[in-house]
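Alright, structures below, take your time with them.
Two complexes follow with chain A in common, the first pairing it with chain B and the second with chain C.
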Partner chain A sequence: MAGEMKLGAYICKGCGLGERLDCAELAKVAQKEGKAQVVREHDFLCHADGLAMIGNDITAGVNQIAIAACSRRAKAEAFTFDGVCVTRANLREGVIWVHPDTDDARETTQEAAADYVRMACAEAKAMRAPAGNPNRGGSKRILVVGGGISGLTAAREVAAAGYEVLLVEKSDELGGIARHLYRRVPAKEPFTEPQETGLAELVNSVCSNPHITTLINSTIAQTSGAPGRFTVEIASTGGNNRSETVGAIIQASGFTPYNANALTEFSYGRTLDVIDQLGLEKLVAAADGAPITRPSDGKPVKRVVFVQCAGQRSADDGRLPYCSGYCCNTSIKQAMYFKDADPAIDTTIIYSDLRTPGNGEDFYRSAQRKDITFTKGKVSTVTPTAAALKVDFKDLILDQDADIEADLVVLATGQVPNSGIDIETSDEAQAAAADKSILNLTYRQGKDLPQLRYGFTDSHFICFPYETRRTGIYACGPVRRPMDMAQAMDDATGAALKAIQAVENAAAGRAAHPRAGDLSFPQYRREGCTQCKRCTVECPFGAIDEDEKRYPVFNESRCRRCGTCMGACPVRVISFENYSVDTVGAQIKAVDIPDEFSEKPRVLILACENDAYPALDMAGMNNQHYSAFARIIPVRCLGSVNTIWITDALNSGYDAVALMGCKHGIDYQCHFVKGSELATYRASKVDDTLKQMNLEPERVQLFEVAITDALRTPKLIDGLVAKVIEIGMSPLKF
Partner chain B sequence: MAKLVPTNETILVAGGGISGMTAALEAAECGKHVLLIEKSPSLGGRVSQFHRYFPKLCHPTCGMEINTRRLKANKRVHILTMTEVTAVTGTAGNYTVNLLTRPRYVNENCTACGACAKAVSSEIPNAFDYNLGKIKAAYLPFVMAYPQRYVIDPSIVGTAEGEAANAACAHDAIDLDMKPESFTVNVGAIIWATGWQPFDAAKIQPYGYDRFTNVITSVEFERMMDPSGPTGGKLLRPSDGKEARNIAFIQCAGSRDRNYLKHCSRICCMATLKQSTYIAERYGDDPDAKVSIYYIDIRAIDRFEDFYQKVQADPRVTFIKSKVANITEDESSGDPVLHGVDTEGYHRYDNRHDLCILAIGMQPSVRAEEIATGMHGDANGFIETNDENGAIFAAGCAGNPLDVNRSVQNATAAALRAIQVVNRIAAAEA
Partner chain C sequence: MSDRRMAVGNYRNDFLKEVEANVEDGEWVKMCMQCGVCAGSCPLGPYWEHPPQEIFMMIRAGLRDDVLSSESMWMCTSCYNCIVRCPRELPITHIMHGLANYAHRLGLAPKMNPTRRFAKLFWNNIAAGGRANELKLSLGLYFMDGFATGIKKSLQMLPIGLGMLKTRRLNPFGLLAGGNCKDRKGIQAMLKKAKELEDKRKGFA
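After this line comes the complex of A and B, so read on.
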């Protein structure tokens, strides 16, 4: 935004602020020290009158606004003014509600309020209203990778919303694994009988849709770009390669049935009469209504045993540690193939926990009515005998070893996701697996989506199941988590929405989740950059590539605006218009530091705005008091904390600095995935700096804080202040 | 939140729990206009009453904070709280919906300063804590409530207490003359996200929920374990306030039973495994702490298996494969005594516990057929995916018993289904 900057500071006297604080004094601080050109007090600032007053000032040229009232989390809608930067001095939740209303406390409470006014003014002056990422790209076409049930559904649903689709399938036919299914598990009342798969209708609806272009025998040879402007090189086995532009990508690469050859104890591969579930579907489809016969000798099957969790739910090497979730219902369906054809056929399902959630229970009951036998047990071996197969198992109800004879044994083996290359493995391992890549991304951080556990590309977030770490690329179906057909179709529909949302966001130049709508984007000063690559390596979303001279290339539409790059940069050349080393640095400098003999230490708290800061607000709402010597600055993510803030604070006389952020590790809670982990790493490096400054290491602390820690956060602050008093005031006050 | 004139390009989302919030936000972040209505005074639904989520044991408030921030930043979502749908007529692309807003007696001037609550002394049962505790009759439903606006309970309207609250408000935010308001809106598509309610435990007579104080439900236990809940997070049993150490969970309480709910509610196994970790966390190495889980099948599906393995490895937790026959109460101690047969080896038991938690099943808050004439639901009342339902789409537990992650996934899909309808309208009108 060009032109003159004009700061307006507004001091609210409502909610007890007027009684507890000398607001006239705060107005003077805003004017003299905050250098606000317009300063106004108001009895009730969030009221329509107060807002109109601010609106009039904006019309008269105020374009930076510091609101000294409640927390930025309160009245957020009221205090939003388009095209203008707004900062908040949290005098209510952050000052009067957390300090006692006593004569003794009045002075330090007023000092805290004055500092927050100074900070809000300084921050507003350092901010610019963002105008949105200019590097947008306008493609709204969606690429769907994989033509199985998930991919077909995604394609159909995207097209039904009025968007163009490019569907790419590796094999020579659409339908994926579902092509081999004879029937599917019921998805409708009364949930008692297997039903038609509906695949032919689905394939037809996709093939006849003018908004869907389908390429079979094709794979993705290369993907580059960003949401709104991905360039995809598509290789075809016919040699007819092409380059396409798309706006977002749905990865529906599906699963591969677990390779049962590893299950030697069950004689898979040793006799043709031990098959997996997919093998049985093929057998039943081939029989086409005739009696189902044994693969080995063509004799009709009279006794069939289903072994649940075969190679699953096992910690053993080469086995699947997870439960694939669909196999209990599938075995029930398959046992019905036999029972419905001939009730005299013995069908036994040996299971340890039968898992048929929701209306699967009706299907389970239907199976019991059809006299399918369910035995709670654990199968140890399947052995071919002269005329049959012997299944040895531990009967868990009778608590004894048992065996049963069968003509055919079906192993419920589970799903292995087709997730391409694990980008967390070594460069050599990735190179060796290069031909496995699904997307062949040209991204600095690897060719495929990051994996969570066991090869699934699932989101780590319970509340946000589609949040992959690659903006504009969404996984759905069994590549995301093990699932059945009904779930895969629903999942594909959700992924279709996310892809559409990604192209709409990219076209408008705004951020995607979790800072949805944010118009700021990272910018860097090339002349100052030392090509150290920390930003490109540390970006949790792989948004930054490198050019041939190893300078960073920011792909703004891939960026989630966490600021991790800004925190990483040792030469501080990365910034956002409304959030930068300066916007926070200016707040740190704005705080008034009393001298060494004042007995008034200053403790800086840099708090994650999503979890730690709300926890502190809640402390205020619950009137949990904490030291008036703390000064709290919310940050987008601890990952955005540049260590210069810590060293500058200590150099300018702060007595201690604390970082408050989210849990990291396997169950991390950081919404930017790596932010709190990186902050921990960086903070550990501050020790050396402290030594050089002759400061005690206790002066910098990092606390893992959850949003519910309303009782604990005040104690952490008080503990840190007590520590300062114990080790003494900083010697660096001037 | 902005003013909105609904049209047939607007999507109505009924229900402001995690599914409704998600559906509203996902649609609005695609550029659509959404009217989000919620029956209670604040958004968040049952999820906001959870202490932690399985399997990460993180706090639901964290994702809620992101969602409320998304709402605050999005002008395309218009929110009406204390509002219910009373009738739906019409067809896909053109629905007429009658809405009823109950009086909050507090207007948009409210700053949530809390002065009214300080001025009032009457208390009402705290619905947020499943009535286990009390709250002032002028209240913020919970500390993170959004919209951040107080409520005056109707019980003090027209009393001196109501006047005292009014007098204490410096912001002219209390309006004791508010009346219920009925009005009609026109929308193109409807996302039905009214969620679930716990099955009425008193109906399971053999378990004596209505007779034995120390038999409680899993949703009540969840509130007790929340440090901001009715017991301050302490595991105190209701009869005598004694710290409960020997705790029983009964799975499928109401579920998988043709007498009650015939479906499996899906979440209760994981909920119990999660809650068993609360107990383990409370008591550390205390040798007297014991958890007994009476189950039919443990349904820890997909990666949740890891969590099951973790709990199984805890020596304080015992799994007993048994459908508990009945509960009696030891009169002198108030201890619940569980009777039944451990089917693994057929051993009869009469096990005494300090506290018994019923892993209560899920049923839809509103049955499909109650929404509009001709709506198709399954036998349990969950909305079916059915073309004959027109442009009324289920999101989350209104359509299926789902965990949070699957509810959000499903709500995202529901948002697309609604968008498809309003986009067709927009294309036709363009």
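After this line comes the complex of A and C, so read on.
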């Protein structure tokens, strides 16, 4: 398949490279040490002329290309050549911009440049051009699970973009919780009055759309496969089961209202006149314009109190620790039901922090104009008295205990996500909750989407909000985080877009986000595999299943190409065509290590290409200098760092190794969710190896950095170099 | 502030309605969102028993007597910092003065409050002649707390008074006559009519 490999090295002299560096010398390095068959210098490589020069060489048979110019993050489009491997030696952001232009520094700057040329040549030689995932599947139909506001919106949006939709709803009617709402919080100018929910129109638009197939009374009995080729078994209460093929899945399973029976201090369940917000919606809908009456004795309500944060924002057992985000606006809306009907009705909202997202501030103001009373306080108890209810609370502004009488008390309870089984819990707990599963995935790692906290599905909250940790399955609406109707509709639209991207990428054999368009995919050498299962357990995206002999099954289109499996593999049999233990290992070996007495240490930095590497590039753009003894290699994710790189580097004479990646933990920034966390864990195991090698543990460091750390990263590198000088050069040179 | 004792309010809107009907700009009280920026912006903030935001809450809680007998709104120096900063654009300074005025008219304002006494003195002075009579006003202030303190204060201020006399900044005959505006009777008739209208509007007539 692979013909003869021919390496071309191209050295740019533009952007000041020609003045600062001896480019002829670099060309010699590429030829003699990099073993490049073709070596060319150019004054302006990214110019059409320079690109044409490279193009001609490719036509003449060059299929591995090392470009020694600017960072791989600059001119990426210009230096993309189809079907060949391209590597970049970062001489601009990585060398001349981060080292001073002085006579003293000239020698070390040139050495750094030469090393980067050697590394680029070595990497290019170890790479193969990726061919794309052969196991692609062609279904572009999208399954939407849940027929509430989120699911209906997602279905409508997917169909509007021209894709087929299969909408599955558990109950016998579409609409979800919104069916019970009398009115909704305003979504349009001037945001002052409750408005019609618009649910009927939404349901109609879905039901009448020829691209949408709707199945009610149905649940997902089993989901297997991968993006582009999911096989879904759908069970119907009528016993009419069916099997469908879809390309991507949108999970809009919504929420269950918090069970207010736990709120005994508010007498919920003890008197009919204490209700939750949904209870009030039903009451108002039933009254249908007539005066709202008390459920207990049918007398008209003259005084109503709304208790915000009921059973929410509490650390107590059985309460929701979070703010559900929609309830303040809802109480405002509900108070208006009363005020609009009869301004003489006293309506009091007792809140501790009124949170009105979206355009709720205008709605809040409108409520104040309507004489709805807002009292900042914390309600302790609601007690039924002979003729009414007594609400005891602490007034937080006047700092005193107070009480107020009411005919009706409405509790603003929160949302509990319908996210199925928590796959992180014990097997027994999972088995006990088996009938709760939403998707019933056949994945090795569990039946449902991984959760972050409080049952909400996990997603990168800044960069990839809809992307769950299962490629091709997108969560939207309150299953992802607490939200109101307007937010759920936005969310559903976003998830619809993502699902469409997923089916298109899967059909083309490419990766989905965040490495969208990447044609490489993990492959493994079966003869070397010891069936240790680390890759199947540690894959943050559950992409890897196991076959009956416990060998990994990669499910390429479920893979995000982070390389966490490659970093996990103790026998190093997992690789990508253009990213492998060898491509990085070859770069590590290519660096010229001066001897112990040269006073020129070498520090290896393995930098995450998502945040750490751009931060280092930006250090260059901001005229920040760091030590010329550092050699930086970008990695797809710290999760892909195989500890062999660290031990090999130290064995071959590097004085220190640093991993530079994203923040991990509950507020992680890692694009691959678990990569930096796993790297931290693995790096902690390197200490034993260091002891065996008789090296100081300070020689291996892990730095958590953010993309904004352009000023901090140079300090980290300089600090590490200073540490090396303090503890002395590595004794392992030669 | 911590040892104040307030009656527990009924958290009904009766007093709020009364304020809206009778206090200048009172209809704004319900729009307060309790952010506390007014209290934090007031240069005299630490000296108020109840900062504006708390006064607004007391009105909503129905604490009529606590509000109207409070010294707090008399502390306002009309610097307008709170008005400038209020995110809800409440005319807080005006509401404070409106509340003080309403309390005074009801006879509920604290009798010995210095701001109230000065305001009264100043008003009577200016209403009498249609223009401020500085000598009478100063002497009125000196003797506000009795004859002995009046003499003492006057003697204290004697050098300044003589200096002003010398530079012709003080008219010694102001005590006897002159210094009134041209149409004193006209001004007084106008003020009388204005009071009549206001009393009628506010239900004091």
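One rule holds for everything that comes next: the second predicted complex is superposed on the first by the 724 of 734 C-alpha atoms of A that agree within 3 Å, B and C clash if a C-alpha of one lies under 4 Å from a C-alpha of the other, contacts with A are read in each partner's own complex, and residues count from 1 in each chain.
We adopt the following convention: contacts are C-beta pairs under 8 Å (C-beta built on N, C-alpha and C of every residue); 3 or more make two chains touch, one makes a residue touch a chain.
On a predicted model such as this, the values are computed, not experimentally measured, just so you know.
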| item | value |
| --- | --- |
| Simultaneous placement of chain C and chain B on chain A, clash or fit | clash |
| Partner chain(s) touched by A:Ile397 [first = chain B, second = chain C, both, neither] | both |
| First, second, both or neither for A:Glu164, with chain B first and chain C second | neither |
| Chain B versus chain C as contact partner of A:Asp582, first or second or both or neither | neither |
| Residue contacts with chain A in the superposition, chain B compared against chain C | B |
| Which superposed partner A:Glu33 touches (first chain B, second chain C, both, neither) | neither |
| First (chain B), second (chain C), both or neither touched by A:Arg355 | first |
| First (chain B), second (chain C), both or neither touched by A:Thr373 | second |
| Partner chain(s) touched by A:His671 [first = chain B, second = chain C, both, neither] | first |
| First (chain B), second (chain C), both or neither touched by A:Ala74 | first |
| Among 147-155, 345-353 or 381-389 on chain B, the segment whose C-alpha atoms clash with chain C after superposition | 345-353 |
| Shared chain A contacts, counted only where both chain B and chain C touch the same residue | 354, 365, 376, 397-399 |
| Chain A partner contacts - residues on chain B that touch it in the complex | 1, 18, 25-26, 29-31, 53, 56-67, 69-70, 72-74, 109, 111-114, 143-144, 148, 170-171, 227-228, 256, 262-264, 266, 297-306, 309, 321, 343-346, 378-380, 384-385, 400-401, 404-406, 408-410, 412-413, 415-417, 419-420, 423-424, 427 |
| Contact footprint of chain A on chain C as seen in their complex | 2, 6, 8-13, 16, 30-31, 33-34, 53-54, 57-58, 60-61, 63, 88 |
| Chain A to chain B touching residues, read off their complex | 14-16, 44, 46-47, 70, 73-77, 80, 92, 157, 160-162, 187-191, 313, 315, 321-325, 353-362, 365, 376, 396-399, 453-454, 456, 458, 460-466, 481-483, 487, 490-491, 493-494, 496-498, 500-501, 504-505, 513-514, 516-517, 610-611, 614, 618, 621-622, 662-663, 667, 669, 671, 706-708, 710-711 |
| Footprint of chain C on chain A - complex, ascending | 346, 348, 354, 364-365, 368-369, 371, 373-376, 395, 397-404 |
